Structures are given as C-alpha cells and as structure tokens.
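All chains are identified by letter, namely A, B, C and D, in their written order; residue positions are counted from 1 within each chain.
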Amino acid sequence: MATTSIEKEDAIHPGKPVVVDRYNLGARINHWITAVSLILLALSGLAFFHPSLFFLTGLFGGGQSARVLHPWIGVVLFFSFAGLFIRFWRANLPEQSDREWLAHANDAIAGNEEKLPEAGRYNPIQKFNFWCMSLLIIALILTGLAIWDQYFYEWTTIPQKRVAVLVHSLAAVLLICIWIVHVYAVIWARGTLRAMTRGSVTGGWAWRHHRRWLKELAERRRFKKPATPAE
Amino acid sequence: MTNSWTDIRNTDLVVIMGGNAAEAHPCGFKWVTEAKANRGAKLIVVDPRFTRSASVADFYAPIRQGTDIAFLLGVINYCIQNDKIQWDYVKAFTNASYVVREGFAYKDGLFTGYDENKRDYDRSSWEYEIAPDGFAVVDETLQNPRCVWNLLKAHVATYTPEMVERICGTPKDKFLKVAEMIAECSSPTKTMTSMYALGWTQHSKGSQNIRAMAMLQLILGNIGVRGGGMNALRGHSNIQGLTDIGLMSNLIPGYLNIPVEREADFTTYMSSRTFKPLRPNQTSYWQNYRKFFVSFQKSMWGDAATPQNDFAYDYLPKLDVPSYDVLRYFEMMHQGRVTGYFCQGFNPLLAFPNRQKITESLSKLKWLVTMDPLETETSRFWENHGEYNNVDPASIQTEVIQLPSTCFAEDEGALVNSGRWLQWHWAGGSPPGEAKHDTWIMAQIHLRLRALYEKEGGAFPDPILNLTWNYHDRNEPTPEELAKELNGYAVETLYDPADPAKIVLEKGKQVVNFSVLRDDGTTACGCWIYSGCFNEAGNNMARRDNTDPDETGAYPNWSFSWPLNRRILYNRASADLQGNPWDPSRKLIAWDGTKWSGYDVPDIAPNAPPDVVGPFIMNQEGVSRLFARGLMREGPFPVHYEPFEAPIANVVAPNIRGNPVARIFQGDVAQFATSEEFPYAATSYRLTEHFHYWTKHNVVNATLQPEFFVEISEQLAAEKGIAHGSWVRVWSKRGEVKAKAVVTKRIKPLICDGKPVHVVGIPLHWGFTGKARKGWGPNSLTPFVGDANIETPEYKAFLVNIEPTTAPATV
Amino acid sequence: MNMELSRRGFLKAAGVGVAGTTLGAFGFTELEAAQAAAVRPFKLTNTMETRNTCPYCSVACGIIMYSKGDLRKGETAEIIHIEGDADHPTNRGTLCPKGAALRSFVNAETRLKYPMIRKPGSDKFERVSWDQALDRIARLMKEDRDANFIATNEAGVPINRWTTVGFLAASATTNETAWLTYKVVRSTGIVAFDNQARV
Amino acid sequence: MEPSPRTATSNPPVAASATAANLTERDLVRRSASTVPPPARQLEPVAKLIDVSKCIGCKACQSACVEWNDTKPALETNTGIYENPHDLTPDMFTLMRFSEWENPQTGNLEWLIRKDGCMHCEDPGCLKACPAPGAIVQYSNGIVDFIHENCIGCGYCIKGCPFNIPRISKVDHTAYKCTLCSDRVAVGQGPACAKACPTHAITFGTKEDMKKLADSRIEDLKSRGFENAGLYDPPGVGGTHVMYVLHHNDKPAIYSGLPEDPKVSPVVNAWKGMAKYVGFAAMGLAAAAGMLHSAFAGPNRVTREDEEKAEDLVKEKI
C-alpha cells in the first residue's frame, strides 16, 4: 500500500529546515513542457472556440498558423503528458484512505488539514485531477485526430467529426477547468510551486500536506546530504 | 440535316436511333429538351446501350447493333398494317404510284440481278416502266401489283413484331410501343424528327439504315416540314463543308462527279448527266449540271479552261475504280503500292479500323506528312510506347514530316454546320511557336511544287502550272479571296439572253447566286451550292442578325444556309396539293394563288403551281423515292443483313453473310471472326466528355474522363468474373486492348433468335499522346470492311471476347 | 423560359470588338465604384472579344474568345477565356464539356510549335525550318509524281491519274482551307483524296 | 427590393466601366464569427435551379466551372464509374453524380444524374461553424461565399455543412466550394455552369422566378407520369439558393444520397451554441470558485510548527 506513494527521486535532506526532493529535473522539464503546451493549446483552442477570442490567433502569427500549430502542440502535449503519466500513475492510484480523506473534503477545502487523514504523495483531489487530465487528454487527442483534416480527413465520417469536435471542445473546457483548479491549488497551498521550480519542498510543506509521504520517506531512511542553508 | 438544329424545337416526337445526340451533340440536343418542355414533345431512344440520351427519354427500347433495318422496316410494316399513313403526302410526293418494270423481284435476301462472283448487281431491272412518251408509268389508284407501294408492302411484310424481336432482341411490347408512338405522326398535324449519326452510318449497310428511316419519314409525311426531316448529326465542325466541297476521291464541289475512265471526253461525261424529267413539268434541277461543272473548271483553271479544250476536262484525273477511299488506299498501302501520304488534321492510326493493318501500312510508306495543331498518334506511329504502341522504330523506314498548323482560335473562315449554315469566324489568338495557317501551308506546297515544274518540267505539269492563283499575296491567299472563289464571279460581262443589250453582271463581279451561272465559260464558281455566300452584298456568312420572325426557328438572316439561304430542304412538301400548310400552326411556305412565300426560301420556283410541280426538285421524278431505282448498290429497298461479324446468323436470309455487295479485300476476310470464337457483340462510340482524339490533349477533358474503359452488363461481368473497375482484356481476331471495366445496368443482355447476346461497349478516346492516361481505342479490334455505297467502315458492330486481366505495364 | 432570352434583334455585323453590355438589364442601374471586398475581380475586364465557332461537332456553337492583346492591331494575342455566345441562335451561349474547355485546347501543352522531321529508322523527331520541310515535301512529291503519274490508259485516253501519293483532308478546317486544299490536291492528279466524312 | 441578376442573357462585359463588382461588404447579411450591420439594401434573392429531369450528365458544368475558376483538378483513373473527379475537390466545385436506379413501379431503368455542389443554404451550416471572422459571408441575395484571405483552413465548415460540400485545399489550406460565381453575378452575369448547360437543366435567376419555372417543369413531369415530381428546396436549412427539380421528390436519397431532410446537425448546433455558453460558464465558475475560496479561506501556508515537526521526524529517524 504505502510503497506506491514514493517515487525514486523522492529523498529527504536533513537540516533546518528539512528539504524534501519531490521532482527531479526530468520531471520538472516534462511538467513545464506539458504546462506550456497546455497553455498554448488553450489559447489557440479558445480562439477557435469563440469568435470573441479569435484575436488570440494573433499570438500564433494568425489564424492559419494557429490552425497549423494547435494540433502539433496537441501532439507535444500528449506525449509530454504521457511522460508525466508514466512517472506518476502509480502514485496516483486510489487508496483505501482516500475515502476517509474525501469524507472530510470540507476540511480540505477549508485548509484544516490536521483534521484529515494523512495524505501520501498525492491527496485524492490531486489524484482526481491527475486522472481527469489523463482521460481528457486521451479524449482530446483522439477527437483531435478525428478533426485534424490535413492528415486524417479520410479516417472518420463527417457525422463522426461533428461529434468529435463537440467532444473535443467540451473536453477542452473541462480540462481548462481542471487546470484552473490545479493552478489555484498551487497558488493557494503556498510553498507548492517550488516543487516544480527547484524540485523540492520544505519538510514543513510535506508535513502539512503529505505527511504520510514524508513519514514513509523517513521510515525508509531515504536521506541524502543535508540541505545547505543557502538553499 | 434536311432541317436545322433550331428547327427541332417544332417537333412532336424525336426518335434518336443510330446516334446519341445528348452525348455527342449536347448543345443541339438542347432543342430536343426545348421541344419537350415547350411543346410536350416526346423522345424515343432506341440503342444497344441506355445512353445519356436515353436518360432523358420518354421511352427507351434496346436493340442489337446492326439490326436497325429490321426494326425500321418493322415500323413501316406496322404503319401499313394499321393504316397509319399520311396518304395525301404519300400519293402526291412519293413514287408510291410508280409502276416498276417487269422482271424486278426480291427473294431470300437478294434482288434480281445478283452476281456472286462480282459481289454486285446488274441493276437494270430496278427501274420504272417507261411509257412511249418517255415518262414513267404511274397508277394513282395504287392498284397495280407492280406499283412501288404494293412492292413495298410485300417487301416489309416479313418484318412482323415477332421477327423484329427475333432479330433485334427488342422485346415485342417495347417495339410495339415505339411503333405506336411513331405511327401517331402520320397525322398531318404531328411530326417526328429523326436524329441519327454514326450509329447508322458505321455499318456495312449504313446507307440503307438511313434510307429505311427516310422511307418511314416519307410515309408519315415528315420530310420538308417544320419539326420533321432526316437529320444527320454530322460529327465534325466542318465535315459538312468538306463533303460539300468534295474533298473525296470521286467528287467535284457541290456533289458533281470526277469522271471515270470510260468517260473519255466531256461529251461522253455529260451524256449520262442530262437528267431529263421522268414526269411532265418537273424541275429536275440537275439539268443545270453542265453550268456548274463548267463554272467549276473555270474557277480552277481560268483562262486555261476554254470551250476548245472542253474547259480543261482532261486536267481532271479519271477514275478506274469507283473511288480511292481510305479503306482501298490503306489496302494499297499495305500492298506496298503507295509512296507518300498526307494527313491534314487527321489521325488514321486511331481513326481507321484494324490498327495493326494501319501500322503495317504506314510503315510501308516512303514518306508521311502530317499537318495538325496537336500531336497525333499517326505522326508518331513509329515511336515505341510499350504495350500501347509496340513497334520497333529502327525497322520503320518511313520519313515523317510533322507540320504545326493553327487551330480554330487563330484562323478565319467559314464552317458549315449540320444544318448547312455557313458560319464565318474570326481569329482571336496568336499561333504558338511557328505554327502556320493551313492555307499558308497548302499555298507553300503548291508554289514550291509549281516552281519545280516551271524550272524542271516533268509529268503533265499543265494543271499545276495553270491553276488559278491570282491572290493578292501569292504566299497566303486570304479567307475572303477563297470564299469569293467559292461563291463565283463573272469571268466576262454577262448579258441577259433575252435582251443582249442588258448587262446582268459586269466582268469580275461576284455572282448573286448559282442561278446566273452559265455553261459557256463566262462564269466561274468553285462550289455551286455555296453560291450566294459571298456576293456583291458582302460576306453573307458573317451575318449576325438573330431575329426569327414568329419564332419558327429559321433565323433567316443569321449567316448563310446553302442552297440559296434555304433553311429547310424540300420545304414545298410542307404544304398540300393546294399549297396550304399541312399543319397551319407550323406554316413554312404557302401558295397565295400566284406565288410561294413564307418563312423560308421556297425550294421550288416561286411561281411553280402547287398541283403541277413536285417538291423534290433534284429528282427527275419531282417526287421522293420509296423505291430507290438503281441508286443504291444493295437494292431499291433496304433488307436486313447482319454485320460481317454477327452473334447470330441472318434470320431472313440464312445463307448471306454481311452485306452481299459490300466490298471486302481478300486479306481481311480471313480476319472476320465467328461467334463461336468471339461470342460478344461489341460496339464503339464517343463519350460526351471527349471529342475523338483531340480532347485527350486537353487537361480539363482528360480530367473529366481520364482513362480508357469498356462497358459491360452485370450479367456478363458475373459470368466472366469481372469486378467493377478492374482490368479486362478485350480481343478480336485483329488485336487486343486492355481497359477498365465499367459494369453497368445500362447494358443488358438481349435475346436474339433465342440466344442471349452480350454487348460490349468500347468508347474511343484514348491513345498514347496527350494528357489523359494512355490507352487504346476500339480500332485495334474493328474489322476492315465498309459500307457498300460509301465505304464507311463497320465500326459499330463486330465480335470480341473478354476476360479479366492485370494492368498494362506503365511506360 | 430560358428560350425567351436574347431577343436583341439585329446585332452588329462585326464579329469582333469590345462590346459594351447593359448591366441595367440585370438589375444594377447604378454602377458603383465600391471596393469589392469579397468577390473575385472580374477576370474579363479589358479583354478583346472575338467571335468564333466551336471546332468540335457540327452543332457549330457560337463562342466568344477573350484575349489579352489585339490581333487586329498587330499585337500578340493570348486567349484567356472562351465561353458560349449568348447571341447565337443554336447554342444560346451554352457549350458542352468540350466546348466549355476550349481555352485548354488552345493552350494545350501538346500543341505543335515547330516543323519536325523523323528520319527513316530514327526514334525521334528533329526540328527543322519551314523552308527545309516544305522544300523536302515538294521534292518528294515531284520525284514520285514524275515517276508514277499515269497520263493515258492503254487506249491512249488521257486519264492523268496519280495513285501513289494520297491526301487525307481534315474535318475541322474552314471551307476556305478546304477549297484551297482541293485546288492544290486536284491540280496534281491525286485520286486518293478523302476526308473524315467517311468515318 | 433591388432586383438581382438573372441567367445571363448576354455575354460577359469586358469594358472596365461595366465590370465594377456589385456585391460588396455592404451587401452582407451574415459574416462568419462576426456581426455585420444590417445591409444598406436588400438584393432580390437569386437561385440556381437544377432540373435533374433535363440533365444529360454531360459535365459541361464541371468543365465551365474549372475554366472560369481557373482550378486544376487532378487527373485520376477510371474506377468503374462515370464520376470524375471521383468526388468534389478543392479544384472541382461541382460534380455530376450518376446513379442507376431501377424503378420498382415501372421496372424501367432510370439513370439519375445529379449535379452536386454548394446549395447556398439560407441558413448556412458552414458559416455557422466557421471560427474565422469573415471567412464565410452571405450576401443579401443569398450567395454564400468563402473569402480565402480570412480562411484558416480548420475544416469546421465541412462539419457544419449538411451536404458535404466544402473541401480544404492541400495547396493553400483554405476551404473551397462553389461561389455561385459571385464574381459573375456581381457584374450581372449568371454562373458559368448555368451559362454553359447545354439543355438548360441549370438555370439562374431570382428565386421567385426559379420557383415558377420549377412549377412548370413539375407540371410537365407529372404529365409524363412522374407523380412525385417536385422541388427540392429543403426547409430544414431555411431553403436553398440552389434548388433541384426531381422526378422523384419523395425519394431524394436515390439521387446519389441527396439528404432527405437536411438541416444543420444538432451536434453542430450544440457545439456552436450550448457548448460555448456552458464552456464559458464552466471556466468562469472554476476561476470564480478559486477567487472566492481565496477570499474566504485565505492562503494555506506552511507554519513554523510544520517545519519543526518535520525536522523532528527527520532527526528521530536518522
């Protein structure tokens, strides 16, 4: 059970404060490629989604180039996210304790984390986001291919394309919503962002949000050289 | 066409048989759709294939190719049996009442006088009984058993609906429906038009196909009336003009004849061309033959044509055979008896039957000159194109000179449409590269040959050295100059014979029309039937007044229609014996008690009384001929003969193969197949997307119909295991082609004489040059035999076999 | 109803020239100079019109050729468009799929541009000048005519027949070309003279 | 109402003064992904009437269309059918479609030939679907036209069209279809196909006139035994500016799949309607929820105590 919530790169640097490695460089690059792709996709996609946002194609050098770029960025996103998926799917598998955690969702939203069961590497909301993202990205890539007329026109019928384009836009909307939640959560839970910039969090952050993860790391003696104060 | 394209709007019934007007003449076919939409006219299509014409027809009946005569004689029989005859017309305007001489008979498919060895008839019994006064004997009561009507009745009695079904494969009920619809047009107020083309001519008895329909039209009273007529839809833009101007072995412009060897001098020549009327008071317009002939000679050789030398009669070649038509000539070429050949805008390698023979023939030439705006297969017959033209260039010793000529857009002049309108056109584009006008090329050939004869002398140079050549620029005669020669002019000042002081026309002026031509050498006229096209009033061919009084479809002031701007031939026949129109709503001309007038130029002297002078002025009888006398080589009535390659034996004359008088060359007989080896009845045709072998050079048309195919029924496809759109091999005794298979419901097997007959349709537009995909045409397969009268090859009915195959190797 | 069109009566006799057209008849009484923001610019503006006849079948539809450049002014003229002549009584402006694509015939890649000769046994055409080609033809003709012309038959009757050279005439040339061809060919005594009428 | 051009009764003008275009921005009634002011004038609606019963399938319309529009459709092969090119393409705006139908009532073969191409819907699905402002416009006379400078090549028009008409060019990646020869109509001419059509199976004029003409054609067809002859002017798309006279108007599908009751697909309507609102609402709500949460709950900070707890834990285990 517990083994799943630890990744290879996770390690504790004793010190004051304690610093915990959460994401190695590869994971961070992978994440940011995904993030940038997603933002570009959202911007270009929204430009096609509603006329009032068509001006956003200007960011891509115009409508034609936005149309050309969007699906390619989609491909980048897909593979990039696939990388993240491979890295993190185990840590995002649901656990028995998640039920209990979710039963106290109000406390989670209110920030009363002490009332919650200890979370592993990811809490259930994060897991939910992860799986939503995964499913939506699969839906987007599949429907995206169906409407990528330049290369795949022959693969689907027009009625299928119509469904595809509708599903694609709804999936994109949902994905953007999930993304908003994700970004907000990062901002709300202070100290989170450094996990994806520096790759590490403070021990306090881990204690507060992912105590079980921290405990397990400690339990297994996953220690590295002490963090230098400068860090 | 006896009528014009625009006249078709006046019809009540259109019969498309022996043609596919919608597909081959779409814009002319417009007038069929107009007649349908505006007059409620009906359209019948009779064809082996359900064509695009059939797609808009009110009634379609299938027929086996090469059996049209049986069908048409069946309809005539139906009309006679059911008394659907326009009697007044038949009695007054046809030779129904003429009594045929004793000794004439028909039995077992042959008329009297047949000589099997010569494959020809002694036609002397096919004549009227002539009374001591020199006129033909007639029996207006039609009681005489030897009168034409009774002979006809007996002749067509064989062709019952059951017999038609047996021969043609047309189900009896469908035949009867067609016969019934046609028979309705025997009413004087209903007309039918016949639109036919190469589906009738391209048979070994093509002329008789047409005659059979002409006879039917006469019985129904449909010749000479608005919305009626026999309308040959000519294939090419100026094939009418080239025929009129007589670019044929045996013709002089205006349907005069080149002398034959036994006509040793002009007097002998003229002795058989007096055209004495066979009935009192008849016009027999050919009595003017001598005037036209002499005027032609004057236009050719001017001052060198004098009364003393019989107007240079000897300058003309004299024929030892009826004609040196292309079939005969390629046969000669094949025998190595030809040195050089010119092809001006013509592609015989693809256009003539039995391509293998054509290739061999061209390979035996010393030289070949082609003149064309486009690449042709003929000019590259020596070039290897893999399976598509499998020849060895090194072994072909023919020198080929290819001359680039201009196309329509770059030249000026007149083209004659199917309705005999001479329409002038103007040049609008610059020729590509060094391409030159045909007139320049022909002038250059003449001038250089002439210069050689002037300098070196040689074989009989007189006709070359004396050829009239008084053009402003000797190197390139202008279209106007040439048109004026065709119209004719006064060589000397013409005086009125009744009043020698009165000048009719001054020397050098254009004649008003052929009525002023003379036989004494004082007039010149290149082509008498065109006379009037460019007279002192100017270039009448360039007229562009499209008014049409009372919307008759005549357009009398648009261009010029030969003869004399007449729009409907035999228009006198549109009125009854009192001179009143048969159908007042379709008046054409009428007699007002003193003269004829109306919407068209009368076909008869304007003051010729209606009850005296017959409408068919070119015939000695003054009436039309249901009985053709000796003018057709097969006989005075059509008879059903099978094609030389037929899927069944001739039901009415089982011992006769093909047309008994069609000319066949010995080498070709061995290449005629039987239905045992080659069971399927093939036919060739045009598609609407293409024009012969030209449009495969046109990227647009190539796109619209890119690749050679054959059409077969679903049943034949199933029998042979041929998949839709797959490759098939089609072969005859003369060659093979590979094509894509179009499997269609539009072709269905026919039951003929109890046996299923499968039709294989082979369109003709592909070759090895141009933009379209490389392919073959039907002429790799077609037999080398022609019609008995005019030698048109039998492209429309032959036998093949078919099997699935693989794609040809690409080259 | 379409047949009720084009009752314009007498038209100018000339077949060529720039024609003004009354747009008023089609509803736009006031022409505007407004910038066409959308529609493609009308491509026939400032072209020369020349009346001609479709060279394919014998319906002989009237056509109008639109060219850049005017032959009558001695300019080079390039045909940029061809369509049916609405004033023509037979076709009323309509054209079949061949006629409607005439421009692509005029400008076809496989139009011939230069005289060519293929020598015996050769596998290619070689370009020659017109003079070379025509002199060669005249010489070949004369050689054979002098050798094979039959002036009289056995009975001594002049028959003046030349059977060893034949001439196959076109089917789409003008009457005037046909007549000149007739004159030139007949004057030589060629009897193997034929045309497309037969096939 | 301003009268509109009719079927060309004259030849195209060539003088510069006579060829100013008369379809301008101010004649637009709809513009994709944007709004237009009400047009200054209302042109009389035009229509092309295709009388299938007069059509001989000669493809003159295709030929004239290619020549007028200077397109270059590719040379294909024969696949056992008469359709060439095999489908509409960015270079072939109109196509004759052939179907061989055996009439079960009469037993007769009927070769039904339909000229396919843009129907110029009154309620154009392509325009509705188009995301690019001004790439698809509709003029007050009913012509629906693609403006290539504005087209982004996304292919949404293909999804919007109930008739499967627009095609995206592989060359310039913009959508192409029949323009109803807007450039010709703008100077008082009919479309090139209508001008060329040998049998006048294609006619062009005011929609009202074309309906009258259709009535007379239907009457003629009924007199010839086609009881179900009728006009195809489908109301599901608000009527069309290209209409058919069909001998069997009760069975449009036999004409190479002409839609029975075409309308802009509900999926497309959902996509271009509901989805937009729902989508914006959802994204807005998500953002708003975040803001509200942040306002009420404040940031979730790691405390000193948390850090110490962590340090303690680590010390304990080392």
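By our rule, a contact is a pair of C-beta atoms (placed from the backbone, for glycine too) under 8 Å apart; a residue touches a chain by one contact, two chains touch by 3 or more.
It should be emphasised that the depicted structure is a prediction, and the values quoted were computed from it without experimental measurement.
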**OP:** Name the chain pair with more contacting C-beta pairs, choosing from B-C and A-D.
**Re:** B-C
Original post:
What is the identifier of the chain with the smallest separation between its Cα mean and the overall Cα mean?
Top reply: C
**OP:** Starting from the mean Cα coordinates of chain B and chain C, work out the distance between those two points in Å.
**Re:** 22
**OP:** Averaging only over C-alpha atoms, locate the centres of chain C and chain D and give their separation in whole Å.
**Re:** 40
Original post:
Quick one: chain B and chain D, Cα centre-to-centre, how many Å?
Top reply: 49
**OP:** Find every residue in chain D that makes contact with two or more other chains and list them.
**Re:** 58-60, 62-63, 66-67, 198-200, 216
**OP:** Mind pulling the residue numbers of chain A that touch at least two other chains?
**Re:** none
Subject >> chain B, residues touching no fewer than two other chains >> reply: 26-27, 30, 34, 688-689, 699-701, 704, 771
**OP:** Could you please write down every pair of chains that are in touch?
**Re:** A-D, B-C, B-D, C-D
Original post:
Where on chain A does chain D make contact in their complex?
Top reply: 12, 14, 16-18, 20, 47-51, 54, 57, 62-64, 66-68, 109-111, 113, 147, 149-150, 153, 158-159, 161-163, 165-166, 169-170, 172-174, 176-177, 180-181, 184, 187-191, 202-208, 214-215, 218-219, 221, 223
Original post:
Residues of chain D touching chain C in their complex?
Top reply: 2-26, 28, 43-44, 58-60, 62-64, 66-68, 70, 137, 145, 147, 179, 182-184, 186-189, 192, 195-200, 203, 209, 213, 216
Original post:
What does chain B use to touch chain D in their complex?
Top reply: 22-23, 26-27, 29-30, 33-34, 36-37, 40, 50, 52-56, 58, 60, 688-689, 699-709, 724-726, 740-746, 771-773
**OP:** Spell out the residues on chain D that touch chain B in their complex, using ranges where they run on.
**Re:** 53-60, 62-63, 66-67, 72-82, 84-85, 100, 102, 108-111, 113, 198-201, 216-217, 220, 223-224
**OP:** Please give the residue numbers of chain C that touch chain D in the complex, ascending.
**Re:** 1-3, 5-6, 8, 18-23, 25-28, 31-49, 64, 66, 81-87, 91, 93-101, 103-104
